[in-house]
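Once you scroll down, you'll see the structures, which are given as structure tokens.
First chain A sits with chain B, and in the next complex the same chain sits with chain C.
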Partner chain A sequence: MPLDTSTYSLALLRLDGRRWNELRRLTAQISTQAAADGSSYLEMGNTKVICTVTGPAEGKRTGGAGTGGGNEAEVRVEIGIAGFSGVDRKRRGRNDKRISEMQTTISNTFASSLFTHLYPHSTININIHILSQDGSLLAACLNASTLALIDAGIPMRNYICACTAGSTSSHSANDEAADPLLDLNNLEEQELPFLTVATVGESDEVAVLVLETRVQMGRLEGMLAVGVDGCKQVREILDGVVRRRGKRILESAAV
Partner chain B sequence: MAITILPPAPAYLEPQDDISSDDSDVDGGVDLEGNSGMRPSKRARHSSDQELVTPGEIVTDDPQWMRGHGTYVAPSTTEIVATVAGTVQRTNKLLSVRPLRARYTPEIGDLVVGRIVEVQSKRWRVDVGAPVLASLPLSAINLPGGILRKRTETDELQIRTFFSEGDLLVAEVQSLYADGSASLHTRSLKYGKLRNGVFMSVSGTGGGGGVVRSRRQVWTIDTVHGGGKVDVILGVNGYIWISKHIEVVGGDTAITRIEESVSSTVYSSQNDEIAPETRREVSRIRGVIEILVQEGLRVDEDMVMKGYEAAVEVDSENQGESNAYLGGEAVVPGAVDMEIAKQEGEELKNVKRA
Partner chain C sequence: MPREVEPSQNEKQFFTKALSENIRIDGRGFDEFRELSLEFGDEHGVADVRLGKTRVLTHITAEVTSPFPDRPFDGLFTITTELSPMTSPSFEVNRPTETELLLSRMLEKTIRRSSALDTESLCLIAGQKVWSIRADVHVLSSDGNLTDAACISIIAALQHFRKPDTSTSGEGVTVYTLAEREPVPLSLLHHPLCVTFSFYPPPAEGNGEGEGEITLLDTTHLEESLRAGSVTISMNRHGEVCQIAKLGGVAVDAVTLLHCTSVALVKVKEISAFVAKRLEQESRRKDVDGKMKTLLSSENARIPG
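So, the complex of A and B:
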């Protein structure tokens, strides 16, 4: 069923009642699993993700390839999508192209943002489990990984905060007056052009930019600006989660 | 009928603390005046009024400070930026951020409990919970047959008879390599292979609750209910060993003589007979440590002893039902016992406050 975007222009409200620049409810917890070095649980609307970090630990020797034997830690990402997470119960194989692309994106992002040179020939494993998907999957994974890595105490340059941005009309509609949208849900993602953007902390430095849909060149700037602005909002929320947790730890340690 | 639409409540809401006061210094830099003359302290100091920083937060832009662990200087600026979430520590002019939680990083002289994961021709590789495996050279252990015995090629061939994969040992960090990995030694009667006990892994020195570096990492508890003596070894790396105390035979002989008499059994992997009473007390101590960690309290001799006494007291109050940890998934089985655990935690906090 195609997304009904005709009503947007009437009240400037999206299908789920948000305005163009509103994020969905974003809640998170850290240190959810005691056994892991770092862990987090993140909800972006109805997208729910669990992330655990193990390491830095000495990984198994990769036979002669020497990828893990360098002077820097290797960041390995594994994403598992639960069968019940989507609307249709689709089985995904080990080497699903979409999953492996997300893994590579996340791994490359954190390899450049973490201080991997402090942990020579060791491995940092990031395990992500997607429990429920409703759009902004890559963004949710990046945010959850950031929290889990902070929980694990692995030094990083800054928070990596991600969100998606889209446009109110599809490419084919070629609407000149299309507004940019922030944080798309699954329905909107299927119909509208969107991009995933991640920034380094509160700066405007873009760490990840993924655009898989067709969109007019003129609309891109607006989308990107809204996305970067959304990332700053995400950062405030993530920072709040970390601070609350830190405060609790300090209070109990002071006893 | 009027309809009111309420905003949906999140599945889980963390207690909303006022964090606005923390946010105010995000771009202004943390105030560093006042305690720059603080004495450098080796032990970490905990207090709730310590300032908390998160990754990417500018700690200071004053060029007089040197950056330490947990910070970095952004290129072409003098700003010192935090890279971990934790508390700011100042040692003279050195500024570092101590993470709330992190993996153990070895330091020379640390007492650690480790597990052998790999046997090589002249050394063992030991998991001590650090980013990289530690190594234990064959030359750094006490060979059976006295202190003055020379290491021979036969020993190299029989390396598995001393330690093999999966064995647990207590050792000291002798030196550190350039990549941060540790070299261990067991050249003392205090160190060596572990048996007759139970292993547990909690978070080590790095932040939050867990084992802290303290005066005594190893001590013996005189347990109640006929449990006899129980040894507790708190590895600085967060690995803990609780075992039945074995009296050293021939305690009155000279040091070198002890070495000889003990070394015949020191590499044995065979457990002694352990009475059920001892097992119960061992698991009770284990339960106490589990609770300490759960409540985010530090684990050291003082806290474990207080916790153990409290546990024994609570146990004697509830006749019939024992709250000792006797295996299984939960720390203490049953909801009632969980309540007891909570009480103990509270009790401990009150004890420390007083």
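So, the complex of A and C:
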């Protein structure tokens, strides 16, 4: 049922009326949860995510069993998917491998972008709650975590900005005319090959790259280029959110 | 849980010093695999892959079961990985570690999600009887690069495996024993293989070129524990990328990653050719004096149409 690919070639408009290089509406808030050390709420189209950060704090598990016993802080990530977030209410087991893989990815990403060596023997907990799923889930989680970590005031090298990129070609067809697409929604993700890419700030340095669908090697370059470009747009938006928040704090302090 | 022993300060320094002089500890080139050997068992569907000191054994089995109600036409295909304490003291029975989780996810994405095995061809009677193919991956010895070795062994075992021939008449299915009819191979749509690249920060003094990080292929256990990041790329020899996983770690330039995919294609072609060669040697070994061929041809001639 290639409904996207068939209509796309006619008007060059996607299912939701976007052009190939347009992001969905990306909005975010910082410090939404009072109890957490840092928190954020992020919407990428209809994907909605709340992220809270606690720490750096003393690790719960003592005895140096985990990596938290070392000279660097340990980053632990917990992802909860709300039952009402998807189209069908599916009960997920506690050890869903896809979720565990996402947790590992996020934890590894921030373990190398945060200055973890400043907090030896401690743990940074990132809790992510997914309220609504409509594609680009990993990207939304990464962006929300970046904002929450900034809010918690944990020093980091640069923003980690993520988005998805797809291609209108199917895996078998070697069509040179296939367009790369930016920021896929759920319907597009189910039909088209796509990748999630996260870059470090404005650079072309890729921290995360996940592709799970079959695609011709030739399509990859275009997808990656569009993805990295999208990450730069995401960075602008995230930076705007942080700066607005900073300005508000300064204004309230001045009064 | 006993922790993995971290490499000592001396080992670390020796390794990084050697790397800055463009030398790997075992003297291989940066993009060179260790010696790959592939042995098949006497049974169909047993493949034993050795990559240096890493050794992975895969056993494929098939049985007839009923399909999932939501997919009545699809057979079942499961991959189970087992990392026993024999492999490394940090693995415990019945408690999957992160390594095991990532390994099984990687194999799942590479082989199952890319539909390497045509599950529709495993259907016997729609909604009632299908073949269930199970690949048991046993890691016998772990010296780094488990993913690539496990992937090679599964793909080789799947190609080597023969499932019993069947015939359906109405609602009944007859499964013929190996003596009654020659078993049939599985229908594989393509043969994806993994190649893992490990990244190391460039040497501090540098050559003044400002070049990027060092990329190593087929890392040993020591090299793996010292790497700053890695990417696993799964491809088939037709140049289709099935999966890319760079799950965090040090950030790498996008161009480097694209370069990695083209290196991966070369390696995948080499390994595919090796597996194909070994499979052919194996079939020739079993087929003494070409007797099998004459037997098969006479059987085919008997079937009308």
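Heads up, the rule we're going with is that the second predicted complex is superposed on the first by the 245 of 255 C-alpha atoms of A that agree within 3 Å, B and C clash if a C-alpha of one lies under 4 Å from a C-alpha of the other, contacts with A are read in each partner's own complex, and residues count from 1 in each chain.
Criterion: a residue touches a chain if its C-beta (ideal position, glycine included) is under 8 Å from a C-beta of that chain, and two chains touch if they have at least 3 such contacts.
Fair warning: this is a prediction, and the values are worked out from it, not measured in the lab.
With chain A as the common reference for superposition, the partners chain B and chain C occupy compatible, non-clashing space.
Contacts of A:E58 after superposition on the shared chain: chain B is touched, whereas chain C is not.
Once the two complexes are overlaid on the shared chain, A:D37 sits against chain B while remaining clear of chain C. Applying the stated contact rule after C-alpha superposition, one finds that A:L209 touches chain C and leaves chain B untouched. By the touch criterion stated above, A:I249 is placed in contact with chain B alone, chain C being left untouched. In the overlay built on the shared chain, the residue A:T27 is in contact with chain B alone; chain C does not reach it. In the superposed model, A:L195 lies in contact with chain C only, and not with chain B. By the document's definition of touching, of the two partners only chain B reaches A:D151; chain C does not.
Vertex at chain A: the C-alpha centres of chain B and chain C lie 130° apart in angle, rounded to steps of 10. By the touch criterion defined above, A:E221 lies against chain C but remains apart from chain B after alignment on the C-alpha atoms of chain A. In the composite built from the two structures, the nearest CA pair linking chain B and chain C is 9 Å apart.
Once the two complexes are overlaid on chain A, the chain A residues touched by chain B in the first and by chain C in the second are 200. By the touch rule above, chain A contacts chain B in their complex via residues 25, 27, 29, 31, 34, 37-38, 43, 55-58, 73, 115, 118-122, 150-159, 200-202, 239-255. Of all residues in chain C, those touching chain A in their complex are 1, 3, 96, 98, 101-102, 104-105, 108-109, 113-115, 228-229, 231, 235, 239-255, 257-258, 261-262, 265. Per the touch definition, chain B reaches chain A in the complex via residues 8, 10-15, 17, 19, 22-23, 46-48, 50, 52, 54-56, 70, 72, 81, 83-87, 99-103, 131-133, 179-180, 206-209, 294-298, 349, 352-353.
Listed in rising order, the residues of chain A touching chain C in the complex are 65, 95, 97-98, 100-101, 104-113, 171, 195, 199-200, 203-218, 220-221, 224-225, 228.
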